[in-house]
Amino acid sequence: MQMIRDNNWVLSVGTFLPMLGVLVLLITPKANEAAIKMVALLTSIATVLVGVFTLVNFDFDQAGSMQFVAQTDWIPVIKSTYFIGVDGISLPLYLLSMVVTLLVVIYSLDHIPSPGNPKAFFVLMLILQTGMAGTFIAQDLILFFVFFELVLLPMYFMIGVWGGEQRQYASLKFFLYTMFGSALMLVAFLAIFFKTGAESFAIPYLVENGAGIAKNVQVWIFAGMFIGFAVKVPMFPFHTWLPDAHTQAPTQGSVILAAILLKLGTYGFVRIAIPTLPDAAIEWAPWIGGLAVIGIIYGALGCLAQTDMKRLIAFSSVAHMGFVMLGISTLTPFGVNAAVFGMVAHGLITGMLFFIAGSVKERYHTLEISKLGGMLTQAPQLGWILGLCSMASLGLPGLAGFWGEFPAILSAYNPADGLNVTVFRTYMVIAALGTVFAAAYLLWLYQRTAFGTPKGHDHHDVHDVNTYEWVAWMPLLIAIVAFGVAPNLLFSIIDPAVQETLRAFGG
Amino acid sequence: MTLLALSAAAWTAPVIDYHALAPEIVLAVGLTAVLLVDLFTSERNKWLLSVLTGFSLLGATLPVLTLALHDNSVRSIFDGRYVVDEFSLVMKGLFLLAGYVIVLLSSSHVEEGDYWRGEYWFLLLTSLLGMVMMASSRDLVSIFVALEFLSIPAYMLAAWRKRDLRSNEAGVKYFLLGVFASAVMLYGMSLLYGVADSTLLVDISKSIDLDGEFAAVQALAVVFVVVGFAFKVSAVPFHTWAPDTYEGAPTPVTAFLSVASKAAGFIALVVLVLTAFPEGRDVWQPFIWVLSALTMTIGNVFALRQTNLVRMIAYSSVSQGGFVLMPLAVAGGAAGEAALRAVVVYLVVYAATNLGMFGVILAVSRKTRSGDIASLGGLFSYAPALGVLLTIFLASLAGIPPLGGWIGKFAAFQALLTDATPWAYALAVIGAVNSVIAFGYYGNVMREVWMRPVPHGDNTPIVTPSSLQIALGITAIATLVLGILPGVVLNFGDMADLVGAFGG
Amino acid sequence: MLTSQFLLLGAILFCIGVYGVIARKNAVLVLMSIELILNSVNINLLAFALRNGSADGHTFALYIIAVAAAEVGVGLAMVLLIYRNRRSIGLDELSEMRG
Amino acid sequence: MFAASEVLSPLRDGWFLQNAWLAPVIPTIGFALIILFGKRLPKKGSEVGVLSMLASLVLASGAAWQWIQRVGGAGEEQFVSPVIRTWTWWQSGGMEFTIGQHVDGLTVVVLFVVAFISTLVQVYSLEYLRGDRRYTHFFAALTLFSAGMLAMVIAEDMILFLLGWEIMGLCSFMLIGHWWEDGANSRAALKAFFTVRTGDVGLLVGISILFFAANEWTTTNLGLSGFSIRGLSAWALSGEPNSTVILVAAIALFIAAIGKSGQFPLHTWLPDAMAGPTPVSSLLHSSTMVVAGVFLVARLYPVFFTGLDILGPSSNIIMIIAAITIVIAAALAFVQTDIKRVLAYSTVSQLGYMMLGLGAGAWLPAVFHIFTHAFFKACLFLSAGSISHSASHHSFDMKKDMGGLRKHMPITFAAWTVSTLALCGVFPFSGFFSKDEIIDNVGGNGYTFFMVVGLGGAFLTAAYMTRATYLTFFGEPRGASAGEHGESSHGTHPAHDGHDAHDAHAVHDSHDAQDSHDAHAGPHESGILITAPLAILAVLAIFSGLFNATPFGESWEYMKKWTEPRAAVVEESYSGGPGEAFVVPAAESGYGESPCGKETPKDGVCYAPQLNHAKFKWSKALLSLAIVFAGIAVSWVVSAALYGRRDPRLVGLTQRNAVARSGYQLLINKYYLDHLYERGVVSFIVGPLARGAYWFNQQVLDGILHGVARVSRVVAQVVYRDIDQRLVDGAVNASADVTKAAGTTVQPIQSGRVGHYGALLFATAAVAALVFVILNT
């Protein structure tokens, strides 16, 4: 794939700007909360502006090729370089991470979860931002790994310090799980490095030479990566950290977790595992697909069993990422396009849902579905937004969710050459049934929370959506609708890149 | 008759390259100075001693630098028994700087205790001198001497708090087991000498041949020698002394033991296996493989169940030792250079991180006066700086990028995968799993620091003496830099065929 | 050549020493056992030195003797220390720290 | 692949046809406006709704008119190509997929109907829901709903089709659950949504199969994607498709249609859907929602034609399902006391007719029946609404709260009667022309059995409608309509008519103002906003049949001329860009014996199969009319007898000989007779069927439906609690415990005793030494 190197400073700036903010925050006195919030806000705004600049200068006619590429020595000894760039796959996620962070910051301006301490909170959030953005632009396995891990600690603390009752258990679980995955992932990275002649960790190079590795070796290396990424996605049966983490995390944490962190895993599959190890990918695809559909049904059932709104949304992520993984497992441009679109869509929608859950918690002081109800009478705007997001989440055409879901199902009808068609068609039908379940649990949730008459007594805190929330949510809502109505806004960027990525499969 | 023959041989004084010996000489001068000054200063001016110690350490680093910058040629004196090459220089630098940081850590602690300061600094310097020598020794005798040189003062340091039973116990255990181990090692050495008819490592490497007639003796010898140093690096099951000693010894001493003397043990081990036993790899590779696996795992599972902070760290450093052993388990093969690099890098990073952590612990214990992990509760809320620093160090130990620790683990894995044998992969996976388990207790401490309430809500801030602050600053910066720009250290390991350089 | 007998002697001493270290509960006796081991080493070295006719063995032995002296010095000091603090030199009481 | 066609004379093709796509767009914008600013507008956003619907009505009419021009411009045997405009919508795997409009006869008809009915319904709702607390949201949902339907009708590709389809489903959820304070309503809404959604799986799968089966062929030959309806039609008739694949696809799609159009066995959601406000029911059940399924079949007719081998010797699944539906639904209509439910079941059975027609190759009559049915069914629902609104105090119970209303509300009565006659298919009302056509053609295509079923259905239809009419308008007033305030009726009411829903929120609802004025006013005619739509619809119910009045000869068959695509072989190799519109001369083979649908078309493609039309015979018509009148008569007699109970002579008679003939005993007292009506007469005519059907319906079908729900909930519980939390998660936590346990087990080695330590040290050394000595010698 050819590289476009002009403006090669943009990405670095966009990625590390938050760190600048962190430094400033560190020297701002803890007491002066207004200043702290202002710094955080400005930093994230600046970051987004850089992102916009990136977007504007992105050459959409060559979305398939790496752009803004920068490459310099980093750790010469192990032949690892500071090598970054974006193509049509990374760009949307890269920007998404920036925007989501900004929105979360805005939301946090008047929603600092207990026990307060905005300074630490924003510092962590900005570090997180750097890690996320970095992961999406890294073109070098080691660099990728470093960024990939960089997000762990901040999220660990975000959950552990600002989370719910079970926070300590949840955060530790989250951490150990992810770490377990990434440790094996690192081993796999090294293995592929040596098997390709210990020349370079650069992903393009590995894509060139990875195919040369003997198949059985590939399969093992892929196994390592698979665990690493599957934990992050999370795929059944590595998902159990997710409900706890999501449920216990503060709203902001859940939003970032859902909107971006989960994408690191799927992105890893699309960017690294599959292109570098095509033969192994073919071998693994049926299993991945299988786990994906299991995840779809399983997650849906999990949702149906929930009594806690937030936990339900968390479980729905398992199901939705199942669709994404199904798309990926087909190894066809069609499926992977769907998957990448699905990542963005899920980021927007589920992020939004978690925002809502947070606001509900703040208003009703509970997320027990049985204790909620009649939201539409007390906070109609909130209720309708919840409605919209549920609809989007259950894959209603005309909203973003649909474009991740339907094409994914569609693509399973004929997967890439070398994959068993019958198996994947079975998957297709199961996945299609999954959509019904999705409708089931989401509408059921909606019916029980929004409809009916208000339950309980103390509703004096129950007020409708306030300005901060509107500002923080509006972009997401607009995006949900916009991408739903005009999906080509994304597809036109993703598609060339995906085809480039899947060249090994004659995609 | 042989004696006659020997005496008959004309004796020529060896040429001594004083530049090469400069660091040792400076240290020697320094420690005598400390001894003297201690005699002639009044209680009020004892603080001079720490300053003096610090300066002599820094002073000793100067020649190290000059040697490093001078030229890359290997300086070998006493016909190859004492070699100054980059490897030894790196390690000397490491010892001296670590020593300096330890001085910074201890000064306030020592000043406040009502104990024998002069002796403290003197012993510290002596032990460091032993280590510096160890870095260059390429002969059984010099290795043995260096070993005792660095050990004996360490024994005394461990028991330094005379009135404290725990301190005594620590000292005694350390001492008895230490001498026992070194005795076992010596037995091995004697056999080696018998087979090789020389104490020079290079000659020994020539004579070792596991298919030859002396295979059994050699195997036995190799095992015993390795055991001797496995004890030093507290590899399971020779680690038993470590937790007790670490817990009982004064905290700065613990820091010193867990970092410097461990490192010394490792370089001796590296030197031996790489220069003396390359032919014996069929013995020591599997042996170290087992030790490494055991060390990582047992160390972790023990650490998981500790409630005492220092003891937890003791076990953690045991399991860290396992990670350093990991690359050595394949060092005999093609991965030799990678393994060596891994050891060096790991030791450097580990030194910075662990010292930093002890720094925080010292600072905190000044307030809490307790060794319990629970005493760290809510540290972040009343001492955010210390909290964050501790987090950084713990995370680095857990090997989380972009903090130093990860590059050490990375290098270790890299070495293993360079070897690319099934055993290597297996060990790599064991290591990976252990690095996860390890977070179990590191994370537990973090949890205390960040997520737990302050014990009996005592929120008085902590005053950290400037020396401690400096120490923390140095270590923290080192940890971060090593993590973000690992090239800095990795280049040490990158020098032209280090392995070959040992020969001298 | 008597080397083998010397070596045998060395081995026997070594074993006795090891046994002493492990079995004895009295610090002083343990110290002495260690000395035994060191001496077995010396015997080995000297035997080999004679057999090979090189001086290294002798030198090594001398160093060991010297160091052993130092070790014993430190050792006895410590034994005194604990005796002063707890009126006993039984090693088994020294198990405050475990686990 | 095909020879390029020669220069073509362009067809007339005006602005409206070109921009028909605005029809769904305008209401969508309207929806947005209402949601955003509705509350601030003087009329709470309703005006936006009505206006936007009017706008799309104008568009639709314009488009219809220009389409008629266009067809007029084409030769008798020419294929009039639809007006297609497309824009790139999304791309994937290098393929670009378009969104756009596909306007042809079918489109304009349904487009017009939908726009028309929606407009009327919105006007009607202005009055009907005045003062409702979610007035604005109601109009928003209503508008979006219509938009969805319009989008589906105009869709150029299956994705847009799916979009409209799903949006409708969603809005039906919101509309049916409009009065969601009452749990029952929201449950009904959920039920509706799930049932339909289950069917939708078929749609998803079907579309996927078709896409991958057809895409290559369509792209190479027509430059259309495998989603394009036009491409699919051509592909289906090209003799290309593998019979199994297309069969599976057709069945999958038909399942979707079953769900949407409430065909057996997925019809159970329809009656519950009556929980929605009456205008909603009328819109859903006359022209939109439920028609969507039928429309799907009609739209992709070639696919079904080839896939299910329509016109083949054996009967196909569509016909079978349709036949079952007709009978069962009609039977169910007998045992309902809720007037709206009667209408609901009647809708189901009418949809059965349409399906039957499509299944039997009577495409045109089926489409025509969509057209006529829309008017009279809407009219019936609105009448029912008018009654409950102004006469029966928001009750829909014919037995408790109605009766004798004809005097009080003449207009409603007239409208109702007319529509009923139309529904029954009485000459010359519109129903006759469409329904009779269907039955006629079903027979004409040789499916005699199904023709008989159709006739039977006609009889039942007539019968239950008569019963409903009598109960409602004749006899003397009862319950609420008699002015008495049926608190009792409130209590005893089943919760699933809009009624309780009203009361449920009447407390905080200005609707109670309405109620009170009902109270003292008693039954009366509704306001102009309600009656006007009724009147209009009634008129159409009478005359809309004339658009395809086969009895009056060829010249009257406008609908056929306008809508039925000519089954000509089209020499076409590539379809031009947006707005491409041209007529292609038919191949030499005349209109009569086009090969389309029979064998593979040579040098060209077909967009429609060749269908035959039964010649109209008065004899057949009279037969069916006779059956209808029979139905009316029987039911009338029974009902009249039932509610007569004026005659003292009869009473006396029965007092004299208590064991008189059951025919007289019927007259003893209303309730007994009523009872006997249900038991005796009904069981005489449709008894076993009705009962059985009803039992089957409630117990089995609904049972299954709820069962599925309950089971999946239970499964969910198990999966979550036992598998997820215990097994999967348990394993994880267990591993942690194991590690801890390991620590405890090895703890002894850290005894703290120097002796032990030393022993351990040396033992290990010795063992190691031993091992390696042995290994190396």
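Here the chain labels run A, B, C and D in written order, and each chain numbers its own residues starting at 1.
Please note the rule applied: contacts are C-beta pairs under 8 Å (C-beta built on N, C-alpha and C of every residue); 3 or more make two chains touch, one makes a residue touch a chain.
Note that the structure is predicted; figures quoted are calculated from it, not measured.
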Chain of greatest Cα-centre distance to chain B: D
Of C-D and B-C, pair with higher C-beta contact tally: B-C
For chain B paired with chain C, centre-to-centre distance based on mean C-alpha positions, whole Å: 25
Inter-chain centre distance, chain C versus chain D - centres from mean C-alpha coordinates, in Å: 98
Inter-chain centre distance, chain A versus chain B - centres from mean C-alpha coordinates, in Å: 43
Between chain D and chain B, distance of the C-alpha-averaged centres to the nearest whole Å: 80
Set of chain B residues in contact with two or more other chains: 172-173, 176, 180, 184, 243-244, 305, 440
Multi-partner residues of chain D (at least 2 other chains): 747, 750, 752, 754, 758, 762
Multi-partner residues of chain A (at least 2 other chains): none
All pairs of touching chains, each written as two labels joined by a dash: A-B, A-D, B-C, B-D, C-D
Complex contacts: residues of chain B adjacent to chain A: 341, 380-381, 384, 391, 395, 398, 400-402, 406-407, 410-411, 413-414, 417-418, 420, 425, 428-429, 432-433, 435-436, 439-440, 443-444, 446-447, 450-451, 485-487, 490-491, 493-494
Contact footprint of chain A on chain D as seen in their complex: 35, 88-94, 159, 162-163, 165-167, 170, 173-174, 177, 180-181, 183, 186-187, 189-190, 193-194, 197-198, 200-201, 204-205, 207-209, 211-212, 709, 712-713, 715-717, 719-721, 724, 728-729, 732
Chain B contact footprint on chain C (complex, rising order): 7, 10, 14, 17-18, 21, 27, 30-31, 34, 37-38, 40-41, 44-45, 47-57, 59-60, 63-64, 67, 70-71, 74-75, 77-79, 81-82, 85-86, 91, 94-99
Residue ranges of chain D touching chain C (in the complex, touch as defined): 747, 750-755, 758-759, 762
Of chain D, residues touching chain B in the complex: 736, 739-740, 742-744, 746-747, 749-750, 752, 754, 756-758, 760-762, 764-765, 768-769, 772-773, 775-777
